[in-house]
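The following pair of complexes shares a single chain, chain A, combined with chain B in the former and chain C in the latter.
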Partner chain A sequence: MLKAKLSVSEKIGMAVIGIVLATMVFLCIFPFYHMLVVAISNGTAVIQGKVTIWPIGFSLESFKQLFRDPYVGYAYKNTLLYVFLGTIINLFLTTMCAYPLSRHNLIGKKYFMGIIVFTMLFSGGMIPTYIMVAITLNLKNTFWAVLLLNGMSTFNMIVMRTFFITTIPESLVEAAKIDGANDIKIFTRVVLPLAKPILATMFLFYAVAQWNRFFDYMLFLNDKKTYPLQLLIRAMVIEGNLGETAQKQSAANDLFVSETGIKYAVILITVLPIIMLYPFIQKYLVKGQMVGSLKG
Partner chain B sequence: MVQSSSIDRKPHQNSVWKHIKRDKYLLLMLILPMAYYALFKYGPMYGLLMGFENYKIKKGIIGSDFVGFKHFAKFLSDDLFWRAFKNTIVLNVLNLIVCFPAPILLALMINEIQYIQMKKFVQSVSYMPYFISTVVVCSIAISFFSNRGIINNLISGLGFERINFFLEARWFRPIYIFTDLWQHVGWDSIIYLAALAGCDMEVYEAAHIDGAGRFQQIWYITLPYLIPTISIMLILAMGKLMDVSFEKILLLQTPSTYEVSDVIATMVYRRGIQNVEFSYSTAIGTFQSLVSTIFIISANAISSKLSETSLF
Partner chain C sequence: MAKKVLGLVLALVLSLGSICAIADGPKDTWLFDEPVTITYMRPETSNQPFPEDNAVLNWISDNLGVNIDLILVMSDYEDKCKTLIATGDMPDIMVVDREPVAVAMQGEGQFLKVSDYFDLMPNYLEAQKDNVNFKRLMTADGDAYYLLTSTFFRYTGATAPAVRMDMLAASGLGTPVTFDDVYALLKNLKEQDPNSFPVSSRWSYSRIFETWAYPMGSGFEMYYEPRESKWIYGSITEDFKEIVSYFHNMYVDGILDPDFSINESSNFKERYAAGSSSYHFENSSFLMNYNAILADSVGKEAYFDLTPVPTNKYGESRQIGWGKFNYDDAILVNGDAKNPEQIVKVIDWFYSPKALEITNWGIEGVSFRYTEDGKRELIPEYAEQFIGTSDPWRSFMGSMGLGQLGLAMYIDEGTQAYYLDDVSAAQYDYIANDKAYAEPIMAPAFTDDELVELAELRTEIEAIIAPALEGMVTGAVSIDTFDDMAAKVRNAGATRIEEIYNNAEARMAAN
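Moving on, here comes the complex of A and B:
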């Protein structure tokens, strides 16, 4: 935009824009700040509704109480394990699918693409999927049900395939072929090194999705010991079931901790990794979103 | 080559075999992804047969009794189904009215920021909620809007009565739409900002010389420039009119708000998973899948007719 002298109505307009954007920034940041303030404040003040903007008192007791609950430790470990394994499966299947389908003369490419795109148009839905995974494949109460069911995303696969088509020239593949390389060698020596940027972006998208996944775990897991963080949050915050933590809290009267404080503490430890890493990874995520929307 | 075609009686099949041999490693790579699609995408489609049976786990899909369209007839005369159908459409249309224009406005406003650093900061902050999980978003909403939460503290501080946000049906839609807006407005503005980045600066300069003010420039240059992107996004949004944020509704609804909050997906979940009425809920799910397929295909057809952009 040009820098120019503004008329009165334009000044008012700019002020309105400023206020709207400031409100939006506030609404995006404040909830997390408020939860942090409540979690470190004195429990009595929290229950009296006095804590809004500034903390009253200071203690990390909410967090300590939280980690005294063994299920919080399990949930954290489970989440890390599920995200790690899940993301590996995602990257493996996505690459294995996207690369062959990016080669312009692959035999039967039309049919493979047809089979895949059809699943974006029509799906069996919740109950048949549940029956397939839990009954037919007998994967009830194991995290493999969730990891395999979410083995790859068709949308991401198509984004990656577009990347291969647009950035790896067919002539490069042909040249490697003339040098006597087979398709496996071409893939590992020529294509994969060139695919680092898209692999990094895919890794981030998949890892965030794995970290945030909830419903499928709720559907397939029964044992509380195998819960990931998202399920634990639901049990603690939404169903209000603080379990052993709440019982211990009444015993430790001198270090009074509010229920709200513990709830906010568990939310914070779940979003913390994402918020901490967010400034560093956001440009890759945005780039990935652009690739996805421009694929045409 | 010329000789082989005269010798060979089936030249086509022969060349197919040759191509398979040539692409053997590529086809080998495709085995696991294809197995994934077969098991987890096409397997459930086969499971749709349950909707036409009295499915019993012990008997399996092949062994269960076939009952034809019995379950379909049953849900089509079920008031609860029509309530869920109506809620699905209403929630989506309301959401579209609020959450579709918002990212466009946001992009236009962000585009007006003069200082690059400030612009980057606002953008980064606005994308962040997109990466927060549904469970956390709902947990924050439920805690903040709860009886002793910060919102009600504020309301009672101003001298009003505390509100039971999650027990009163009339609050469900505003909360659903507001949380959706909060989570997606920034992220959805990316595509418009990307389009704006390609806007030619010289046009603005010319307009400025001709005496056009800033808001005239937005109205006559920027907005028309965005129209193609906007129409495509609108058509694609129409294609998703049967999809709702199922997880969010499941987490935010309480039985006392079912009247407005129960959608087809949550109904299927309750009847199918919690009440174990597999066949009945599969029939409802089939209906939903079919209707959304029709929506997506028509949206895509319109979109590819109007421009070169299409979903697939």
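Moving on, here comes the complex of A and C:
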């Protein structure tokens, strides 16, 4: 492929764009890099403010101490379970709700849509929600309280419905019907395979939301062993509650670990799994994110 | 390693023993004929996490026939408490912040009126008999809706002044006697290390006022002024204006940490431990940890030690001490509980001599034993396994959920002696014997209407005063506007708040 020769002004423009983008990349990556550097540095150097660009006194003690806390292990397992189950529930409910609402022949479509949109604009508030979930449904101290409470995002459902309207033409559904497919077959064999971009986008949105969720767990769960990682992280980072992690550190020796080091270590182990998801679904994500911009 | 295994084996044996005992049926020591289960919610604090398997709870289950279903909350505790209270889904017992939760909501009917059950609580009343504030913690009608933890013995720290002794020696200025001396010292400390900020603070703008204002001759927000024998809204007085000016000068001279109002506790403590701050007017129990790290990073000559509370312009050396009793927390009982008598009896047991032993010293033969002269002492094989942790005493207490941050409602901190170094022991002695530290005077008992009015007035005043005071320290707001701000705060209700407090105080005196 021949390269077009760039004029001087174009070269300058490209250089400016490159610098701006590089700056943006640096601004995004540096906080993570800094946290990593602090987490793997000697605690004394950290509290003396000497650690900026390079680690000083390389040590993995922050991470070791973090994983010595048994509750970090429980929380990691719980989070993976909650994200996995929660995202499946989210995708199931969202697709099952969005697809029928995208079909023109659904009886009472406007009525259903109105009711659903109403929940996006008005919520019951914390106290009525708590009474319904914890007392009426008796789901207190089970993770179902949180997973079912957040079963579907109305906004995401509307985005997915828009995708179905704009991407799955009625004629395609009719053709499948003529070929003898029933509604379930049409949905599973025709609609869902064509909906991969939006499913991937929704998967990411929901997985991130599930990964970040903490308040509902704090409210509905009582057993510390069932807490998700975010609740533990919040206690450690925001409220300075380092729990057993801080109890087990040795003071005033080479293995000294600063509270900041432990906090940064815990942030890193929290964000890494969800960041690692992006490369695998990025190609779908780019397509899927455009969906919301189209008229429904 | 062998010691840890031994500890684990003993704990397992104890747990199995408890299970077997419950299976065996009631014991003579049981509080009730049948086993009782009580839900108990409390925060789990940063310094002392609970163990997964709690030997003390197992002992209580075995010997009292009371299964305590312990709910530990690590974060957003106040939100959870308020939600549970508002929804009527409270556990049987919960520990809450006294002022913002127990006092603010005591008239709303969700809490058991515990004063109606005082005849079932002889141990509690005995433990509270020395509490000079006991009547202040009730309503104006003499009703009590919450209980307090009590203290049998504790090492009393304080919000006390301390300075890096190596830098004090280098200054050649001597120990500061007045707040002017303090300022001269702070300027010198800054000169010794121009990159440092000798004074830091934490949490919010208010913290530095809360710790410094009373010793400097005024007080932050509402406080009891002994000079005038009355309650005063301190933050708008002429004395307070001088304090704001003092802090502003510290800020301008680079003495006060620019992050003073946003530091978390960990940032704050790291500044002192790292040597970037050198004058400490805060929790004296932090000093021991700073010194350990300073010795490692700067040298053994670098250490903090307490100095006397400087005298203010009235010639007083004064500070509000931590006091014998803990007024921060309150113990609530669910007002809708089906078995209130059983619950208060269980709570009362927690103030008994046996509970004092079990909930503060642990299990006899495992964590402590009796000496020949009948005194308790920690068993070294158990206690030594925590040496080398960042906070050995808290680690020991956490291993069985002991003490104030654990299950104890009647506090005995005698176990701390095992882990106390000489310097810290001397500091505790110093504070205990320094008459500058006085028992806190709690607000008088209010009526329900007064509590509602106070809450409304405070909200209005806080919106005016918070941005103004912080701005005056940093220079974003001119100190010349202090008088206008004070007038606004008076009009917004400060005068009325003073009136309510002093009327309530007079009412208590009359009764």
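Just a few scattered comments:
Throughout what follows, the second predicted complex is superposed on the first by the 245 of 296 C-alpha atoms of A that agree within 3 Å, B and C clash if a C-alpha of one lies under 4 Å from a C-alpha of the other, contacts with A are read in each partner's own complex, and residues count from 1 in each chain.
By definition in this document, contacts are C-beta pairs under 8 Å (C-beta built on N, C-alpha and C of every residue); 3 or more make two chains touch, one makes a residue touch a chain.
Quantities reported herein were computed from a predicted structural model and do not represent experimental measurements.
After overlaying the two complexes on the shared chain, residue contacts for A:Pro70 are found with chain C alone; chain B is out of touch. In the superposition on chain A, no contact is made by A:Ala175 with either chain B or chain C. Judged by the touch definition given at the top, the superposed model places A:Asn222 against chain C, while chain B stays out of reach. Of the two partner chains placed by superposition, A:Leu60 touches none, neither chain B nor chain C. Once the two structures are superposed, chain B and chain C can be ranked by residues of chain A touched, with B on top.
When the two structures are aligned on the shared chain, A:Leu192 is found in touch with neither chain B nor chain C. Contacts of A:Thr260 after superposition on the shared chain: both chain B and chain C are touched.
In the superposition on chain A, contact is made by A:Ile127 with both chain B and chain C. Applying the stated contact rule after C-alpha superposition, one finds that A:Ile88 touches neither chain B nor chain C. Touch criterion met: A:Ala235 reaches chain C, while chain B stays clear of it. Residues 47, 49, 126-127, 130-131, 135, 214-215, 219, 231, 234, 238, 260, 263 of chain A lie at the contact with chain B in one complex and at the contact with chain C in the other.
Put simply, chain B touches chain A in their complex at residues 16, 19-20, 22-27, 29-30, 32-34, 36-37, 39-48, 50, 55, 57, 61, 106, 109-114, 121-122, 124-129, 131-136, 138-140, 142-144, 148, 150, 153-154, 182, 185-187, 190-191, 194, 204-205, 208, 213-215, 217, 246-247, 250-251, 265, 268-269, 272-273, 278, 281-282, 285-286, 288-290, 293, 296-297, 308-312.
Looking at the complex, you find that chain C touches chain A at residues 41, 44-49, 52, 71-76, 79-80, 83, 86-87, 89, 264-267, 269-270, 273-276, 289, 292-293, 295-297, 388-391, 394-395, 398. Contacts from chain A toward chain C in the complex involve residues 44, 46-49, 70, 126-127, 130-131, 134-135, 140, 214-215, 218-219, 222, 224-225, 227, 231-232, 234-235, 238-244, 246-253, 256, 258-260, 263.
Touching chain B in their complex are the following residues of chain A: 1-4, 6-7, 9-10, 13-14, 17, 20-21, 24-25, 27-29, 31, 34-35, 47, 49, 52, 92-94, 96-97, 99-101, 103, 106-107, 112, 115-117, 119-133, 135-137, 148-149, 151-152, 157-158, 182-184, 187, 208, 211-215, 219, 230-231, 233-234, 237-238, 260, 263-264, 267, 270-271, 274-275, 278-279, 282, 285-286, 289-290, 293-294, 296.
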